[in-house]
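Shared between the two complexes below is chain A, which pairs with chain B and chain C, respectively.
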Partner chain A sequence: MSREPDVLFDVLGPRGRQRTRIATVVVVLVLAALLWLALRQFAVNGQLDGAKWQPFTSPPILRFLLVGLGGTLQATVVSALLAFPLGAALALLRLARSAPLRWPAAAYVELFRALPVLLLIYVFLLVLPQLGVRLPLFWQLVIPIVMSGSASAAEIFRAGVLSLERGQSEAGYSLGLSYWQTMRLIVLPQVLRQLLPVLVSQLITLLKETTLGYVVSFPELLHNGQTLGEYTQTLIQAYLVVALVFVLTNAGLSQLAVGIDRRLGTRGRRAPGSAGSASGQQRPGLQVRLDA
Partner chain B sequence: MTAYLPELLRGLLVTCELSLVGFAGALVVGSAVAVFRVSPVPPLRAVGALWVGVLRNVPLLVLLVLFVFGLPDVGLRFSLFWTAATCLTLYASAFVCETVRSGIQTVSKGQAEAARAIGLGFAASLRYVILPQAFRVMVQPLGNVFIGVVLGTSLVAAVGVADLTNKTESLDLQYNEPLTTFGLAAAFYVAITLGGGLLFGVLERRLRVSR
Partner chain C sequence: MLLRMRGVSKSFGQHRALDRVDLDLARGEVVVVLGPSGSGKSTLCRCINRLETVDAGSIELDGEPLPQEGKDLARLRSQVGMVFQSFNLFAHMSALDNVTLGPIKVRRLGREQAQRRAMDLLERVGVADQARKYPAQLSGGQQQRVAIARALAMDPKLMLFDEPTSALDPEMINEVLAVMVELAASGMTMLVVTHEMGFARKAAHRVVFMDAGRVVEEATPQAFFTAARTERAQDFLAKILTH
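On to the complex of A and B.
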């Protein structure tokens, strides 16, 4: 954070302090009331009974959820390993001088940035089998994620390349390097380092998208949570636990992104637009994907 | 194609409704949470931070199944459409909040100090000095959030709301014309996101101040 939000108000005087104290008390009371209402709603419907939460302490069930988390992570990592290099390639193609290279890449990126992943998944689920193509569940989930993820990554890389000083690539050309050599040897290594925090937060998006395994029945965390909830009749508990695990995992990843951003920042050169939050929302040309 | 086009358009309408309701709701809730996060009251700040921390990190689909299939377990039943709209609002509000907050942070410190120097309090300096300037910087990122919400609405198909994606899937099963059903749906999504992008682009140019 570049600036403390405290600039919006003065150091509080006696009256201001008292108002803050009153507001604090009121807020705490309101929060307590809301919490009480929520708990009562759970209690009245018998959802706080020990039996409803018991399953989540038994080792086999925890192991089942862990297997789900493993599936989630596996799908995320494979998606990232495919989507990021593909995105970098698309970005370079889109920035290339020859139009036959530029246009298809641009069309691909713009199209897949505008299509929801679920629609792509339905294409794989419904249309491909009719054409005689049968993919394993894992790939039915991962390929659509990679298709849209690579388009998003392409925009990240493009913004990164464009934000690098032109002198760098000009120096490459003046050494007699070709476009591809300049990109590979001079531009990309620098861009990659600067983009590291954004790519880590992009991992969060990919991880969220793997919950679509729920639709294709790939055993990831949400799907396993559903199976478990329906089997033990503890749907809301199972989904709450699943949500908690997702929040903790992603919070860890975004903490990592903030950490990398800070470390890179102290080394002099700032990542493009890193003055804002490390989530990459404010960076030019970036799109927040919410469809996961 | 004429047989199922009306159905598909009905799905498109639901997608548009959900997008607009979700985005409008997120604007209101997200701005409120952003004000919480910069307010002088510590517990309000904590609520804001927790709100964003949870809702930005939970996958939207998890939120949807939790609300749609979980809440009836505790005796809370709402219409499917409004449950889905609530989830979208909650989820997008975290992104709106962060956009508003970083918008507030781009306004130079001198502006806030000037506002305080002429005697404006927290609320007044936000209302008359900070937010009007912050809003200009926020337009484009908010446009991105809007496009995100449009794409996000597709997930309601997985919990049974008859939106564009859901209709496409069921019409494809019924009529078995994947090229036209999926083609049309893709065209609709591209049109909505392009339209949204253009709209926010125009808005940004209108609001831009040359310095």
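On to the complex of A and C.
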């Protein structure tokens, strides 16, 4: 997806190029001015003082932040490992031909896609303990994320399956494969490939949802950053460092997706000429052209 | 009779795609289905392995009525090879894997045995040297020949061809037709929906002409092309032959 040639825009002519150059210069100037204003404001208020940043060079504090990052990553990975397969299963159930399979899946998806994760977390934090169920902190955070994330993932997978050419599954059925075999062997592998960029966005969403960990006091990155900032009285700096770590982590995830995409190479690319190519549906008048 | 269709009807909404179609295919017979577009040829083809359900009538393969669903339907489909207009090779698998998938997953053949067999088939359709390539790396003609090999790998009793050359560039049509002619000569039972009159003349035992969902005329290729009996068929032939 990231290496597609420009298909959205026409190649620019001379006047277009001129305009683009001017716009580029203007935008760069505006951004530079904004950055300068921000930095000056920080400087005036003493936020750029070395002392304010000093804590973030000390190993114990870095270790504390790393523990937070570890918690964030752990919650994200476990959520993803549960939410994505569950989402795929829900999508297939929702696409199944029998109504008793379809309805519960549809109800689940519509319900948990609509509810905010925070509300679900409150259920696990406040309601369930009253009923005598008290889960560990980690699961109080992860289960709500999985419930909501699997519902979103299900809709993504469903759209992906529907967007794949019907011919692919028909070819599977024609060989005598069952519905589930066709989905597992033919449809899902191709859909996964197509959905890779969307799934990475979804993964990043899951990662960001783990910041709701502060509600249940689960030690994730933002929670630890906040604790740290309050303790050392450097809240702004702490948040900036945490923000930087989030940006770097998520950039890493995107990069990972590009890497996977490249590794897969031409596998699963749509074949040229298939997809009911326009060339000659009807070809009357072509007569004997057999060799021999 | 290997295939026996009686009174088969199928509608899409208001459109009557098949209207009380009767058709028989003897073992080893090659039948070409001709007709203007929208005459129901493709639907006929797709009904035989139940990619489309029928509204009325009966279809029997080898004396058994077409199963409605489940394992029996899958088993029936595994005995009927289907070649599509748009090839429909599995885009995420190499040519070789496309051909071995059915034998391994449906027939439970060992991988090695399936691959040996698949290479023989790819050799037979002339693309053995492309076995490791993915569909996107093959020309249309090569893809369609791999698709034929994929269908043959299941040892089908009957091969269905749904306009197998209609999506191909002209210079690639012959390589696919040549494979089909060889297949016909080898005694395979074939039902071929096509516009290739050359193939019909050369390989078909019988031509079935359809119009508006009905079988209007059945004849030997020789008789059909030289002296079609019905006006509709004469019209159709006049249109395609005067180009």
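One rule holds for everything that comes next: the second predicted complex is superposed on the first by the 205 of 292 C-alpha atoms of A that agree within 3 Å, B and C clash if a C-alpha of one lies under 4 Å from a C-alpha of the other, contacts with A are read in each partner's own complex, and residues count from 1 in each chain.
In this section, contacts are C-beta pairs under 8 Å (C-beta built on N, C-alpha and C of every residue); 3 or more make two chains touch, one makes a residue touch a chain.
Just so it is clear, the model here is predicted, and its values are computed rather than measured.
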item	value
First (chain B), second (chain C), both or neither touched by A:Leu115	first
First (chain B), second (chain C), both or neither touched by A:Ala171	second
Chain B versus chain C as contact partner of A:Ala251, first or second or both or neither	first
Chain B versus chain C as contact partner of A:Phe42, first or second or both or neither	first
First, second, both or neither for A:Val242, with chain B first and chain C second	first
Partner chain in contact with A:Ala51 - chain B first, chain C second, else both or neither	neither
Contacts of A:Gln130 with chain B and chain C, given as first, second, both or neither	first
Touched partner set for A:Ala32, first chain B, second chain C, both or neither	neither
Touched chain A residues, chain B compared with chain C	B
Residues of chain A at both interfaces, chain B in one complex, chain C in the other	276-277, 279, 281-282, 286-292
Contacting residues of chain C [partner chain A, same complex]	37, 49, 51, 71, 74-82, 84-93, 101-102, 105-106, 134-140, 143, 147, 150-151, 154, 165-170, 173-174, 177-178, 181, 195-199, 201-202, 239-243
Residues on chain A engaged by chain B in the complex (per definition of touch)	1-3, 5, 7-10, 12, 16, 20, 23-24, 27-28, 31, 41-42, 44-45, 47, 111, 113-119, 122-123, 126-127, 130, 204, 207-209, 211-212, 214-215, 222, 226, 235-236, 239-240, 242-243, 246-247, 249-251, 254, 276-277, 279, 281-282, 286-292
Contact set on chain A toward chain C in their complex	165, 167-168, 170-178, 181, 185-186, 189-190, 193, 266-277, 279-292
Residues of chain B that touch chain A when the two form their complex	37-38, 40-44, 47, 53-54, 56-63, 65-66, 69-71, 73-76, 91-92, 95, 98-99, 101-102, 104-106, 109, 112-113, 116, 121-122, 125-126, 130, 141, 144-145, 147-149, 151-155, 157-158, 165, 168-169, 172-173, 176, 178, 182, 185-186, 189-190, 193-194
